[in-house]
Amino acid sequence: MNPSQDIRLDFDRRNRMGLEEAILAGSKSVAHLTAILDQAAERKARFLFTRLDQAQFDALPEAHRTRLDYDPLSRTAWFGAPEPLRVQIRVGVVAAGTSDISVVREVTRTLAWYGEPALEITDVGVAGLWRLMERVEELQRLPVVVAVAGMDAALPTVVGGLLPGIVIGVPTSVGYGVAAGGHSALHSMLSSCAAGLVVTNIDNGFGAACAALRVLRSAR
Amino acid sequence: MNPSQDIRLDFDRRNRMGLEEAILAGSKSVAHLTAILDQAAERKARFLFTRLDQAQFDALPEAHRTRLDYDPLSRTAWFGAPEPLRVQIRVGVVAAGTSDISVVREVTRTLAWYGEPALEITDVGVAGLWRLMERVEELQRLPVVVAVAGMDAALPTVVGGLLPGIVIGVPTSVGYGVAAGGHSALHSMLSSCAAGLVVTNIDNGFGAACAALRVLRSAR
Amino acid sequence: MNPSQDIRLDFDRRNRMGLEEAILAGSKSVAHLTAILDQAAERKARFLFTRLDQAQFDALPEAHRTRLDYDPLSRTAWFGAPEPLRVQIRVGVVAAGTSDISVVREVTRTLAWYGEPALEITDVGVAGLWRLMERVEELQRLPVVVAVAGMDAALPTVVGGLLPGIVIGVPTSVGYGVAAGGHSALHSMLSSCAAGLVVTNIDNGFGAACAALRVLRSAR
Amino acid sequence: MNPSQDIRLDFDRRNRMGLEEAILAGSKSVAHLTAILDQAAERKARFLFTRLDQAQFDALPEAHRTRLDYDPLSRTAWFGAPEPLRVQIRVGVVAAGTSDISVVREVTRTLAWYGEPALEITDVGVAGLWRLMERVEELQRLPVVVAVAGMDAALPTVVGGLLPGIVIGVPTSVGYGVAAGGHSALHSMLSSCAAGLVVTNIDNGFGAACAALRVLRSAR
Amino acid sequence: MNPSQDIRLDFDRRNRMGLEEAILAGSKSVAHLTAILDQAAERKARFLFTRLDQAQFDALPEAHRTRLDYDPLSRTAWFGAPEPLRVQIRVGVVAAGTSDISVVREVTRTLAWYGEPALEITDVGVAGLWRLMERVEELQRLPVVVAVAGMDAALPTVVGGLLPGIVIGVPTSVGYGVAAGGHSALHSMLSSCAAGLVVTNIDNGFGAACAALRVLRSAR
Amino acid sequence: MNPSQDIRLDFDRRNRMGLEEAILAGSKSVAHLTAILDQAAERKARFLFTRLDQAQFDALPEAHRTRLDYDPLSRTAWFGAPEPLRVQIRVGVVAAGTSDISVVREVTRTLAWYGEPALEITDVGVAGLWRLMERVEELQRLPVVVAVAGMDAALPTVVGGLLPGIVIGVPTSVGYGVAAGGHSALHSMLSSCAAGLVVTNIDNGFGAACAALRVLRSAR
Amino acid sequence: MNPSQDIRLDFDRRNRMGLEEAILAGSKSVAHLTAILDQAAERKARFLFTRLDQAQFDALPEAHRTRLDYDPLSRTAWFGAPEPLRVQIRVGVVAAGTSDISVVREVTRTLAWYGEPALEITDVGVAGLWRLMERVEELQRLPVVVAVAGMDAALPTVVGGLLPGIVIGVPTSVGYGVAAGGHSALHSMLSSCAAGLVVTNIDNGFGAACAALRVLRSAR
Amino acid sequence: MNPSQDIRLDFDRRNRMGLEEAILAGSKSVAHLTAILDQAAERKARFLFTRLDQAQFDALPEAHRTRLDYDPLSRTAWFGAPEPLRVQIRVGVVAAGTSDISVVREVTRTLAWYGEPALEITDVGVAGLWRLMERVEELQRLPVVVAVAGMDAALPTVVGGLLPGIVIGVPTSVGYGVAAGGHSALHSMLSSCAAGLVVTNIDNGFGAACAALRVLRSAR
């Protein structure tokens, strides 16, 4: 069968709700990814790929591979040019440590694709509270803060109690034992004592970035 | 022991992050609730109570009870006057059916406490898609939409694909079998195909309203 | 020990309940699979294999391998000739995207083995509702529709509300975080608001096809 | 507020997909149930209610109560006249014992509402296999069999291996320990070795009946 | 049968490991509780009862009831005199709010039974961090701190990062949705980023107090 | 460090409770396994190894490897001679299909190590009931029957209703979706309607054999 | 409808597999229980009832109630005379404390119904090991020991390591937090280090007694 | 990007709460680990690494690798010199068998890093109780005992009933079936009948050692 026959891309999504379709590469075959890139190239469309493993990327036809801006840490790829970066930073992304950095980068790479720069602060775990306290004032000025955390995920609660803006929690799958897979962090965020904290799926940095974009674009 | 000694309210929270402390009444004794109301009355503070059961309300001293604006459906109470309602509606609240209406009302009562009016649309379950389609245009104009849903929680995904604003999903505990307790709805929302959908804890209408307020206030 | 002694095939199942025994290859050793093929060849029986990994297939004796019609995407193999295809299409198979396509193919390959052609429609995820709406009329004419979906699995609910025929939901294990493994999709389908939606095990395209065949054959 | 404003019934559902909207009463307030009955009476519509507890029924206005045909065992009520019963029986409903009988009755009451008579066989648990064997021939003639079972739910697997028609499993919440709540029965049915068994949510006799009706109506 | 024959108390436990046997009343019949009190009275033994519901207490023979020092909030009872209170406070007990106060009191009542006074600080939830910060110096001087918390249980992590002594986390069952039953708080504490935090079962204030006593007694 | 210092084998277990200590190899390092074999060789003791992977076996020193009777299918190894086989068969081992055969062999290899022969019947799944019925009389004469089953695990219930002897169910991890890992089979067996069915851990063929040996030895 | 039409008792089960059918009363209506007793009285059959709540018992017709030997602690009832008690004790039943005594009594009442006396030892929890050690010799002489335990369920493992006979573990639902409902005790028993421990469903004292009877009867 | 910019170490933690920051290596990239070692070398700081896989270690720059004291069994590494060992042993570490030894070594290596020697006793599983009994007196003299156990985790309960000091349970992920991943052992420890047992996350030997150090240091 012809893989391209299985594909019908939603080229009109941006007009409808403000964001283009993005391609979740993780569970797609290389044949289907290639067919998607073929159609995109033909239509001169631009696309963001998420969860594109290094192995998947390496298996793509070279013609496509050289046109992709691929970041292995966040497993994102840009096909086409990102939007020009705005000057003013409106989104903060905070994390407790370098273990969560691949998810942090999925947030910032998605934001950058849509021209939105971000203030990235890692290593502000609440077990060493002073590191966060030094940065609170900077964060209080931003309308949107994404808090990325695994394990006990205490960071978003503390952040949510200190900032007036919308705080979007992204639980990560980092951890072992009861924290394995990120459900502990997810449940911790959902039952946060900080009023108004909202949450995405585990490791869903892309989703958090899209939520931030929805806030910034519709609030204009 | 004196219950009032166990209580130290956070009268300064509004200055810090824009929203006053709210009192989650559910697991508190009547003695502690009374002590809280005593302190609030003395300080001339205003407070929102959530998850205040009819039985708890009925057991409060009459002096406090008569000063509370209590809504048994949403189990919320206002102590003191709500902020004056803004004229322009900026938040929509949608639900699939009347089973979810107590959570819908927790959202709208919390918003009203902060002076934010809401467009409330119930009975737009996606098994009868035309009912939602008739209202899409109205909803597309709003910067924030709260989607309340139990069972399979397909509504927030469909809504998220149709609207440009931030969509906040609130799973409800309505349902039986695998849907009992709301985990099915929660997981459905978290794994939504609609990019940028964010989620609160099950039945947490208060949290969704606070998130909406954070968006509207910081985005000014 | 002699692997063939562990095997007793149910050559009479078709007479009893209309469908031959199929071989779930996944957890069988190559020695046992070979013994099964030996017995089948000797009895001139025909067999459908499911969940036959490429590695298992490659390890089979060449004599058997060349007689198998193997499809690696669906991991199905036909030993013997499929039944001649009927002319009229009576089954639809719909899916939200190409990530679910291996399960879709398990459905259609099983149907084809029994001579039943299918209308296959992929890429009709409800986050872009118009793609489904364009195909509704075609689907409404079919007595059986199989809806394959992972993640939030909102598709079967929407489909179930639009079509009069029996709708069989197949949850897929595609997804990450709370969607990992397919339980989120399964629970979403089981608690669907669309009355009369029935469900199979996660990734069980074979089972959905057998259910469709039971409907079509006994309803004559 | 006026409860009737929260209600918008889907009077057109039958035209669209063959079955009227049914009212899941369980989580609705008496005020909302009354508003629904008011609208139905005014529109001269007929409605099936499910999960209507005795206490809810008793609290309805007498004018409505006397017009309802209420069965407390199945917690179903008919508002308006059921369709005339067909002569020929096309659906069997089997169960392992009297513990599951309230779910069995939800199936048969829903079928009867749509004019479909059923062969009801209880007490055919597979721990006493001969009781089932005596009835197999009767069941083999029917195009649809609903198998209701709790605990280990071995019955649907055995039935599915003996009959050619579509078999719809309904797990029940009967049981204790690991069987409590019905998840054990649900998982047992979903992982059945009988090819083509399909399953509904726990205790969802209404859903199984609707699936049977979809099969029978679209297969004409 | 004679309930007293089912009972053999461990009057020697204190000699063996430093703490007397305590009676977990929750799942015992009144007849068995009475038999235990009979034996204790006869042996002139002293006993601590935990999880003794008001209804159980009220059903005991009056002779026993008047000899018990019963606290309904913590559901503990002292039979016999507590040990004289030490002068120096060595244990702190902190909690995020009054919802957790029944567990806090189980800790302090158990400690008091063994003559150990405690510094009790409630209402130091991390969503209002300043309330905790004001008390940190007091807490840093204590060798043992028990941190009681439900919901997201961020408090023990923050406390564990600020204090040098052993911190014992007690998750509480307070909460709703994913926090219901306390598993979310438990998992959050177990996966805490604060090194060396140890944890008890949900709502097990008695166990935390015993652990504190083990630390204080063996460390002499 | 010296791995042999970590090892103290229980050479006296047989005297105490009738069965020698067996070595669960799965999670042990090759260094520790070697130290165990060294001690066993020195003491001229005999040992049964379970869950010894091919890779572990291959990494053992050749001197030990040649003295082990290793069966890769069941992952068991005999160090020393098995007890002489009894003539009379007293244990039956039944399974639904060849997918479960590695667990079946763990049962029979453990029995054989203790001199107990077994009647092994595979491929008697209840979806094809006649295959089991042909063997019932043989099984009814045995005091102990081990029923190995994955997926829906309906076999032990049917067997338990047909036989007077003790039936020991062994759930297997074979399966996918909700059956993955064997919990579905385990729960199905635990909630069996067949009175007196007892169960072991998932895939614990060794445990089932030991239980059979306890029955046969103490019942003499 | 006539409840007696839903009932078909298995009067022949004893001939087939050695034990009569027992009636699990818990989820049956009083009307169905009465119909069962009517049939039993008519057939002069004898029956054991389990999980018959005091409220169910009190609601039965007086004629049946006076003929039942009802024990509210174990919720068992005998209809007809139990078999005469054997002289020699062959079964031991041990438990950690009086909290588990209702399950212990379900074991001994079921055994007594079949004429099998039991050695009942409660209050031998392993936290006070000496109490168990005093009784080990008595227990070592018995071919069957049932070990009833909740919470951490360490007792069956210790017992299993000390005795040569078959040990049947019955987890109980006693406990709170992670122990609530008995899953913790169940999993502890299933993963016991004592080889050959077998397990029943949570609180299934009846099942453990039936297993003991199967062992004793077929081993003759 | 420059990995060193993502890193800000907490060089002051020891002053604040008595223990330096430790580096959980498991989920960090080699680039980030190298950046951490660079900073540590520059600041002449000393660091403990945990969960450092052999593959990670091998990929580090040789200059760092030769300065690390790496133990592959416990996956710990010391960068810098450990504190001089105290003479008196104050901590015991017990385990049921060699399967748990990697976690035991994580405890003792962490203790040694802080100069605390330990009494290590492995192979004292309670299925062979005499091995533990021989060592009880030694253990009773120690203020802190860490009990490492997988599977049913009965060891900490027995130990907790025999010793007066604080007992810290560490569940391990060793096991299969219901024990897989260590949740069974964790739940068993949390619901222990031994009063005052406290627990860490699964496989968290590092945390147990830190808890021991907190006890020993603050109790001075």
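Chains: A, B, C, D, E, F, G and H, in written order; residue numbering restarts at 1 for each.
FYI, contacts are C-beta pairs under 8 Å (C-beta built on N, C-alpha and C of every residue); 3 or more make two chains touch, one makes a residue touch a chain.
The shown structure was predicted, so the numbers you read here are calculated from the model rather than taken from an experiment.
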Relative to subunit A, the most remote chain by C-alpha centroid is chain G
Note: subunit G sits from subunit A at a C-alpha centroid distance in Å of 56
Rounded to the nearest Å, the gap separating the Cα centres of subunit D and subunit G is 34
Two or more other chains are touched by the subunit G residues 128, 160-162, 175, 177-179, 183, 186, 190-191, 195, 201-202
Chains touch one another in the pairs A-B, A-C, A-E, A-H, B-C, B-D, B-E, C-D, C-F, D-F, D-G, E-G, E-H, F-G, F-H, G-H
In the complex, the residues of subunit F that touch subunit C are 73, 98-99, 101, 122-123, 128, 131, 174-180
Per the touch rule, the subunit E residues reaching subunit G in their complex are 3, 6-8, 10, 13, 16, 21, 24, 26-29, 32, 51, 171, 173, 181-183, 186, 201-204
Given the complex, residues on subunit H that touch subunit G span 96, 125-129, 151-154, 157-158, 160-162, 175, 177-179, 183-195
Interface with subunit H, subunit E side, in the complex: residues 16-19, 22, 142-144, 160-168, 186, 190-191, 195-202, 206-211, 213-219
